């Protein structure tokens, strides 16, 4: 059977999710290493459940076994009370085989549906084929988001095992090193003051939180072309950066002492040298690479120490949309913007309205993308967000002034 | 002795702090009712210590007894490691009499200093009399901030005692009811899109966080003239507002269930009617008054239910600076802006640099003022801030759309 | 090869441990459902590690891979700092296949050793073949203890999954229902006052905590022949037993309200009827069975409500050693004795000294045994112990007066 | 008016409670320094409420103002739901003056009642004058218990203030130093094996938990005449006693690391010397004094290190009742007995049944008394009890073997 374009796209994306896990042992699929990560098994189940809930159920084609909603719902209150995220690691059932069967069944139904092109609308929320198309696109991007989450979660999981088994790696989830430019830390882009437009212009897919496109007034500013490197971050550490309260936000200072943080995540000192854990194992820290896996608090403190600051998301997007090509997607870059609605923000309709809007408190925006981000998922208007203390995402430091 | 103008201002402000506590019993001065409030005794001590640290010590005139720094430092890392805020209630010493003696001694030294006009600079951070003047002004505004905090903390303290002793009141700290206008909920101010300026223009005192004055682009918007009333909030409650997840931010929904919140703070149901606690005791809820003591989460959810939203702080300031007179200071009004630095923000120099900047994470901005705000302390550029779940401050709901 | 008797015993015991898990899915081996249970994979690894540490290592025959000590040590401080029990569920590695290989290797070495009969002593702690024999016996009994723990932990694990997948069961771990006698709740054994002897008399294996055998003076008492039944416990519940503070110990009352406990563990109400989860699935509560899975607090409160009390362990052992045959091992029976050393108690020598003695605080003694107890493991002097609030063990209620 | 003997006893005891607080500042009365201590104000109120509830209310003579039950009830479920102990420090009301007025009113009513001798019975629980007498005696002993608690709590309170104000003392609550005998640590009392009787013989007042008097069989044992001294405890510390897991109970080891404990409570190192805080201030540690303010875990570990053990309460009482005169009340002495009911234990009737019995879990028995114990309160059968980790009571170490 020749697949229609959307069906082909669908299958490509779906297969990539499974492929990321190819090097895992079955045990690795089941374990939740920290409250904020999810077992790989759960990602495989949840992404499938997502297609089922938003595409198949409205057409009475659901394939979800009874009871599974409870285990596979992430946070959709409209789909029943979700379990706490921290409790995903206590579920041995459904098994991985059952989850994979579930994937196959949903894929089968989805492909049948997609072969028809735009299926008839199924309910009041989907009154035009345009709406079907949007739901489909959200599903694709949702699955791609979980592909990056899988890379993050697998890294966190394997790192935790290396006190027992040293040489763990997961090449299928591997993320290439961010390619650092031959560094000249003195080159800065300069933007003049004026009115700029940011947000989604409607040319391709975007999440609701990237809209409405709107005007902002920016005072003149500069953004450094190179990310902060490991070498620079080591200087910050050697200058007692972690011990000088005047460099830190108050809650960051408290976080530092509560957690005993003295270095980026995945660094460890061995024989007087710093090593870094990556998806292909432990290796000596490369000073020319951009520093990775830092919290907002660390990014903010290091920037302050370097007599700079983090950019706002409007500044970031203004630079990135003009300097295309040179501001590549090495790492997600912390901005000093809190995650808040744009002027004119309207959540997606229906249950998808829970996708983004309800998280607009207590999180900071990151911009860019990382080598773990599926390339079609990247766009300059993309707004990623995390609580300021988390750092298992592929985050780095961009300077502004 | 005739007092110089600044000495007179100083004494007026200092005496007002003591006067707010006039109706308290001695026991009330000592107790910390919640982790986020402070015993009145601590406020009386800390404000005095502040003058000592920033005005007397640089001139070697300190009057602080040995050991007291530990008890009276709020959060200045540069002045030694402060104790956790939650532990202020375990200190019976210094006693109130000792604190009052300390006040008198510091006041004596301060007045002597102020009689001289602008004293000579005392250290590298105070190279001009201009700097002395600024430090003095910060001290005045610091004490005024604590006057409002005292009203908030006394209210929280007394409310907690009313399960044992019903008819508690503190008329000296009393805050008049916000005068609600003869309500027409249909009147909205309208602002056209364009570039506006916000922030301190340098005409009077301002904190560092109100600067730099800068341009913002605002899309057209409207702001309702009347605050949300108790009657409107009761409608929200009757419409199951506290039970509908689609109205709430995700962390707000969690907060709601963790705390069991079902109504604004200081409300209680008695004989099928709602009563409200105030500094002059329990009384029946007045439906025409603006609703008070709500969290950011409640304000946000109620606004959403009313098909509106909260204003940003730029919107609020733009309206307030144009509609002077009609937008008066009834209550602090939650904005949907996170507390973040303005473009060009520079912290105060020296130890006062810890005053504002280090709190720029995890808090939301409130604008306006309240009847507990000392009138000279009010200004249209003032940025107040609290974590989104707290509600013992005099907070209300302003709608925008 | 014909196995020597000890080698044969060893292999029988080792194979039984694996057989208990026969019906599990691979995912079930990995998950830690509560802080106080361990993943089945961990039990399989830890019991093997135990043989390695106490039998193979002293002879330089260790087969434990580097790093595994950290993961498989339960609580032996002498063998390095053990990880917290609550963190056993975050280890995906070593994998089950690796654990099973480890089992095979250790078994191979152990059998070789056991074919020799009593091997030469290997260190200062094993100066006679008698000592070797004792270490071997401890290993056997240690593995049998974990066999019962496996049944308990598998039950807790599967019960937790039944909100998602209803019909879980594990027949290989299955524990037959305690056979209740044709009940006559009015038959009591009567013991006259006098001096009795309790504790291990040295005829067979015993843990150090069962020694020294010693004399106790008992006042006259009676012990009921039948355990408290489900029917009796339901009466206690219907008489508002869970709501009457005068029946409960103070910490028990607090526990009740903190956990929201209203019934024994593994009970649930469905369609106005009580159902009970067992290793062969959910079934309607049988009123004639002894009540199971109650905490010490529940046992104590129910006994009080029945105008009785729990027996002390000295009373229990005195009855059990005289009334053999009729006081069979249906369930572990809470006694009102705290777990404390007997007069003349001496811990095992060497690292095994950590086996029992250091837990003698905060726990209550249970006596008897259960259908999950491997029969050769049972003896009348056996002292089992758990914190008073735990109830995933097979515990029941014996009355005394 | 000449007072009847019981009225005179009553007034003496009541006045002593107030006298213990004589040197406190008013602020000291209000503060709760740790969750397990109570503000002195609360003790003054609660002891008064106790007389009101058990003596005046049954005769309709209650003087307790409306609402105060909530604040002054300690743990009597029969008298309404008591507030959590940890929340006593948030109550500024009733004020001390109000509490003292309440004391005077209750005292007045009590004295009137006591002048009549044995008043008529007032309810079903008090059918004979004998019952009245018992309730009165419990009230006297209850107040005396709180006198010792006041000394403990005042010491904990003042110690906490000494980081701010160095030279605090409370001579009215002062407890004389335990007089150590001219020490010969080699003298031990020896008791032969046999049947002994312990528990209240009915000659004077006793709490319900001291009954029934019963026979116990004791194996031969020895008890050291001198308590463990500071000098001996320092040797234990210098021998790394706090760092050797083999000396500690498992929960004790966890407690040690959770709290960071390295020395007895109220010890601090200054200029390379140990100092000890007492109710008359900080002073250098006297090596010849018995070590004070140790937890059960510390007592147990130190005894183990000294190749001894703690006595059981039966052993302690057997020695103490035979060696009268030489085993004086220096400090409460930890026994290795958990706090459990004696054979034949029957709680007091009515609400007083909550006095002792419901605490019989999770606590260890201490025997003896301390210089803070009111002399008439002492008796050889007295069973004091505390959770094993607490040490603000006047506790010491008695060795057995």
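Each chain gets a letter, A, B, C and D, in the order it is written, and its residues are counted from 1.
The rule is simple: contacts are C-beta pairs under 8 Å (C-beta built on N, C-alpha and C of every residue); 3 or more make two chains touch, one makes a residue touch a chain.
The structure presented is a predicted model; accordingly, all values stated were derived computationally and were not measured.
Enquirer: Which chains does chain B share as contact partners with chain D?
Expert: Intersection of chain B and chain D contact lists gives nothing.
Enquirer: So which chain is the furthest away from chain B, centre to centre on CA atoms?
Expert: The chain farthest from chain B, judged by C-alpha centres, is C.
Enquirer: Approximately how many whole Å separate the CA-defined centres of chain A and chain B?
Expert: Each chain reduced to its C-alpha mean, chain A and chain B end up 37 Å apart.
Enquirer: Take the average of all CA coordinates in chain A, do the same for chain C, and state the distance between these two points in whole angstrom.
Expert: 45
Enquirer: So what's the Cα centroid distance for chain B and chain C, whole Å?
Expert: 58
Enquirer: Mark out which residues of chain B touch at least two other chains, giving numbers and ranges.
Expert: In chain B, no residue touches two or more other chains.
Enquirer: If every chain is a node and each touching pair gets an edge, what shape is that graph: line, ring, star, complete or other?
Expert: ring
Enquirer: Any two chains that touch count here, so list every such pair.
Expert: Pairs of chains that touch one another: A-B, A-C, B-D, C-D.
Enquirer: So in the complex, which bits of chain C are touching chain A?
Expert: 25-34, 41, 67-68, 70-71, 89-96, 157, 160-161, 163-166, 168
Enquirer: Where on chain C does chain D make contact in their complex?
Expert: The touching residues are 75, 77-78, 193, 195, 214-219, 221, 245-246, 248-253, 296-297, 309, 336-338, 340-341, 343-344, 353-354, 358-362, 388.
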